[in-house]
Amino acid sequence: MIHIKHVSKIYYPRRVVALQDINVRIRPGEFVFLVGASGAGKSTFLKLLYREELPSEGQLLIGGKDVARLRQRDVPYLRRRIGIIFQDFKLLPDRTVFENVAFALRVTEASPKEIRRRVPTVLEMVGLAEKERHYPSQLSGGEQQRVGLARALVNRPPLILADEPTGNLDPQTSLEIMALLEQINRMGATVVMATHASNIVDMFRKRVIALDRGRIVRDQERGVYSNEAKHLEVHPG
Amino acid sequence: MIHIKHVSKIYYPRRVVALQDINVRIRPGEFVFLVGASGAGKSTFLKLLYREELPSEGQLLIGGKDVARLRQRDVPYLRRRIGIIFQDFKLLPDRTVFENVAFALRVTEASPKEIRRRVPTVLEMVGLAEKERHYPSQLSGGEQQRVGLARALVNRPPLILADEPTGNLDPQTSLEIMALLEQINRMGATVVMATHASNIVDMFRKRVIALDRGRIVRDQERGVYSNEAKHLEVHPG
Amino acid sequence: MKPSTWKYILGEAGRGIKKNTLMSVAAVTTVTLSLLTLALVLLLVFNFNHLAGTLESQMQVVAYLDDNLPAPRVAELDAQIKAIEGVSEVAYVTKAEALERLKAEFGVDSDILAAVEDMNPLRDSFEIAAADPEQISAIAGQVAELAGVAEVNYGQEILELLLSLTSVIRYGGAALLVAFILATVMIIANAIRMTVVARRREVAIMKLVGATDALIRWPFLLEGVLLGLAGAVVTAALVWAGYSWVVGAMQRSLPFVPIVAEWQPILLVLALLIVGGVVIGAVGSTISIRRFLRV
Amino acid sequence: MKPSTWKYILGEAGRGIKKNTLMSVAAVTTVTLSLLTLALVLLLVFNFNHLAGTLESQMQVVAYLDDNLPAPRVAELDAQIKAIEGVSEVAYVTKAEALERLKAEFGVDSDILAAVEDMNPLRDSFEIAAADPEQISAIAGQVAELAGVAEVNYGQEILELLLSLTSVIRYGGAALLVAFILATVMIIANAIRMTVVARRREVAIMKLVGATDALIRWPFLLEGVLLGLAGAVVTAALVWAGYSWVVGAMQRSLPFVPIVAEWQPILLVLALLIVGGVVIGAVGSTISIRRFLRV
């Protein structure tokens, strides 16, 4: 599915090295957690996959195709086969929840009938059936995050890239969402999820790729959030 | 410090009841966790305090003053005495990290000398000293969140309202930030923090106010995230 | 693209206009004001040209003949003059006719004319009109050479004055028109560009969700066209009403000022306005959107 | 506010202009084009008025006297005419002088005049100028009553024509000017409003961080003023250069067309443009920002 060879990413003009010599192979149907400290390069990793950024070095193949070499007009078709949950949601502010989710179908020219059928189903799945006519500004943080999730799933894409999809969700809702992602993964979709939720990573025991300052420091099947003894101790007042 | 009497908040035109008959008293120097499921009303609670929203019913006093009755031109002065960390960061996109933090000082007409002294100090505290000349779009999610934090603290406000301040941070950075907030709290500031991070709440053992669909269902000194036996079990694949 | 997609695109364009009411009103107002300016200049130039044409068409060469020229020679002269290149009309005016005209013309000084009534010192003449006023002096030169022509007059000073005046008006008017068209296009393109800039975040999100450039561009394009059209229609209505009123008022109070009153050129202006509005809207939004599609 | 805050505000205004280059260029272009239009109309109206004034000032009443009026009566008449309200100048023209003039005027038809040379059928006359062309017909009426005046002529038809033409130009010009000023203000206000709309999220954030309305408004205001000023200065330069060129060209090729060539009114126009640009920028941004301060 995904084949990353010696990829580096340097952001100009400040020459920030976000990723360095990354080598990863992800098979179809895998579920991968991407972990690492704030600023380690997780979002950058995902951005390279959906071609928001281009690698500075190395090669990045999805389904055998070099993402960086894609013609400009083929990019939308790549993105339609990827369901992306953005860290900052990226909802269209002047469209209702329904329209935001429907938009991912509209770009594929799905029929209006199809849209009317699928959107409510997926909104039901993320627990937002009642908020279908709300605008993003009328939603709580977690609700916005779930709209983003619904939009990523509505298309039934073979690859799902989730950037911190439970960052604004309470533990219970987080687990519901994780169950959903797992179900979709079991139905065949590949999932790559960047997360800080150590309890979730530890609970689900999937492949874990750990980044540290742009380098892969661990790539472990059925891994945990951290191999270090226990999280740093702080002495509360 | 804060006195909330029979406050309700209904969002129109959809008549969403976000808060219902809230009664809370928070003393100066307290540290309060605000917990509850996604959409429970945590952000709304905070928004009423910094007067982004007005209560539909009831009375809300900060330092003895009715926030809803404040004259329009006194609102900025209220907000300057509150350090707010927003769930969606609310950084100014076309200003550097330095300028975003400095802005909270500029509104108080701090001297340029003061600004040059204080801003680097607080950026150092949140671990962003190196990124001072970056724009928000050039930062990772967690880095943006810490800029918001730095901006909230730079003014040394007596009241800090934090909406999910660790949602985009890894456990280690989260604990560092929490240690920072606790230190400021120990120095006298009142802190109200909405959060989903159950491990943090459980670790720090502060007063916990739990919201459920707009109502306070628990208000407990030295409380935990959830009184229920253990978080719902999910059976990973 | 499928019909349902087109329907969606059309809906989007409408939604864009409604959602950004402020921007839309601003854009339509700007289009209207710019096109109004344009129309005004266009009509002014039209009218100046018309006026210049009217004045020019009254210019002619007068060839005074020798006294007592025999009739056959007059006929021969008539033929010779008609043969000159550029001559469009030739009229023979006897000195009796000339005196009559003079009397009619000089109301004030008719005393003098009464005094000379019996002796009529005037001469027979040919009045020669030219197809193109520019040729008048050349024609006058050739006519002067003909036997039997005593003197040629073609109001040299007035002709030159008029020719340079009309060329000033024509070229100046054309330059003005071009300047105004450019200004209008720029102002409208600016207005549309601003509405696009205001939504660049939206465009970036759409691209990330897999929208093709076409799907993003079309609603903007249609929106631009609709805004341009709206501005043009408002302008056309205003111009129609305003100009009709001016024509009416002028014909009532200043009937001698030649104003363009036929519908044909005015309809042309209106049509130009509407086509202009649409084209400007389309081009403006296409150009503006292009740079934001590189996401 | 402290000096350091003012310094910050000024920096912010500059930063706003630089950051939103596209919007700023669009705004300045719009201001420039609108003001150019305005200046053009202003200069046209000025010149039409000037032309109308020139023509009007040439209007006069001619009073033909009875033949052989004794000199004392002529002197008396002169005094009587001068006493009439609104009369600004009175000149006595003998019939000999009148004939001379006539000869000079009618180059073409001077044959007739030669023929009547010896008998001179003309009459002595007074040429009377009025302070205000509107009073001419009243003056003519009074002069006609005076003993010794045989006939009064004041080119009734031409006078009426001119009066109505100039009033059309004056009132039409004024209306046009008002319309253009309104249009300019609206276009510029729109342009500025759009730049503000584009930044409403920013304004909301500033308010949440505790910024007073003043701190938010001032940079926008200054930005508006600077953009307005920039547009006005560009316009003023273009108008100055363009008009100088036109004046030069006209005086060379059409010296008889009375064009306003003194610097005073042109400098007035330029000053108006600059003041206008600044005021429009300030007012436009103040109005636009107001609605976004209610956060």
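Which chain is which? They are A, B, C and D, in the order written, and residues in each are numbered from 1.
Please note the rule applied: contacts are C-beta pairs under 8 Å (C-beta built on N, C-alpha and C of every residue); 3 or more make two chains touch, one makes a residue touch a chain.
Source: prediction; values computed, not measured.
When you check each chain against subunit A and subunit C, which touch both of them?
Common neighbours, subunit A/subunit C: none found.
Among the chains, which has its CA centre at the largest distance from subunit C's?
Computed centres place B farthest from subunit C.
Among the chains in this structure, which pair is joined by the largest number of C-beta pairs in contact?
So the pair of chains linked by the most contacts is A-B.
Let me have the rounded angstrom distance from the C-alpha centre of subunit A over to the C-alpha centre of subunit D, please.
Each chain's C-alpha centroid was found; their separation is 67 Å.
Approximately how many whole Å separate the CA-defined centres of subunit A and subunit B?
That pair's centroid distance is 27 Å.
Once you find the CA centre of subunit C and the CA centre of subunit D, what distance in Å lies between them?
For subunit C versus subunit D, the centre distance works out to 24 Å.
Which subunit D residues reach two or more other chains?
In subunit D, no residue touches two or more other chains.
Quick check: what residues of subunit B touch more than one other chain, meaning two or more?
none
Testing understanding: with touching defined as stated, what is the shape of the graph linking the protein chains, line, ring, star, complete or other?
Per interface graph, the chains form a ring.
Taking all chains into account, which pairs touch?
Final set of chain pairs in contact is A-B, A-C, B-D, C-D.
Contact residues on subunit B for subunit D in the complex?
Those in contact with subunit D are residues 50, 52, 73, 75-80, 84, 86, 90-94, 103-104, 106-109, 111-112, 151.
Under the stated contact criterion, what part of subunit D meets subunit B in this complex?
1-2, 4-5, 8, 19, 202, 205-213, 215
Taking the complex as given, what residues does subunit B use to touch subunit A?
Result: residues 11, 14, 16, 31, 35-40, 42-44, 87-88, 133-134, 138-143, 145-146, 163-164, 167-175, 178-179, 182, 185-186, 196, 198-199, 203-205, 225-226, 231-232, 234, 236-237 of subunit B touch subunit A.
Show me the residue ranges of subunit C that touch subunit D in the complex, using the header's touch definition.
Subunit C residues touching subunit D: 22-23, 26-27, 29-30, 33-34, 36-37, 40, 102, 108-109, 111-116, 119, 121-123, 153, 161, 164-165, 168, 176, 180, 183, 186-187, 190-191, 193-195, 197-198, 250, 253-254, 256-257.
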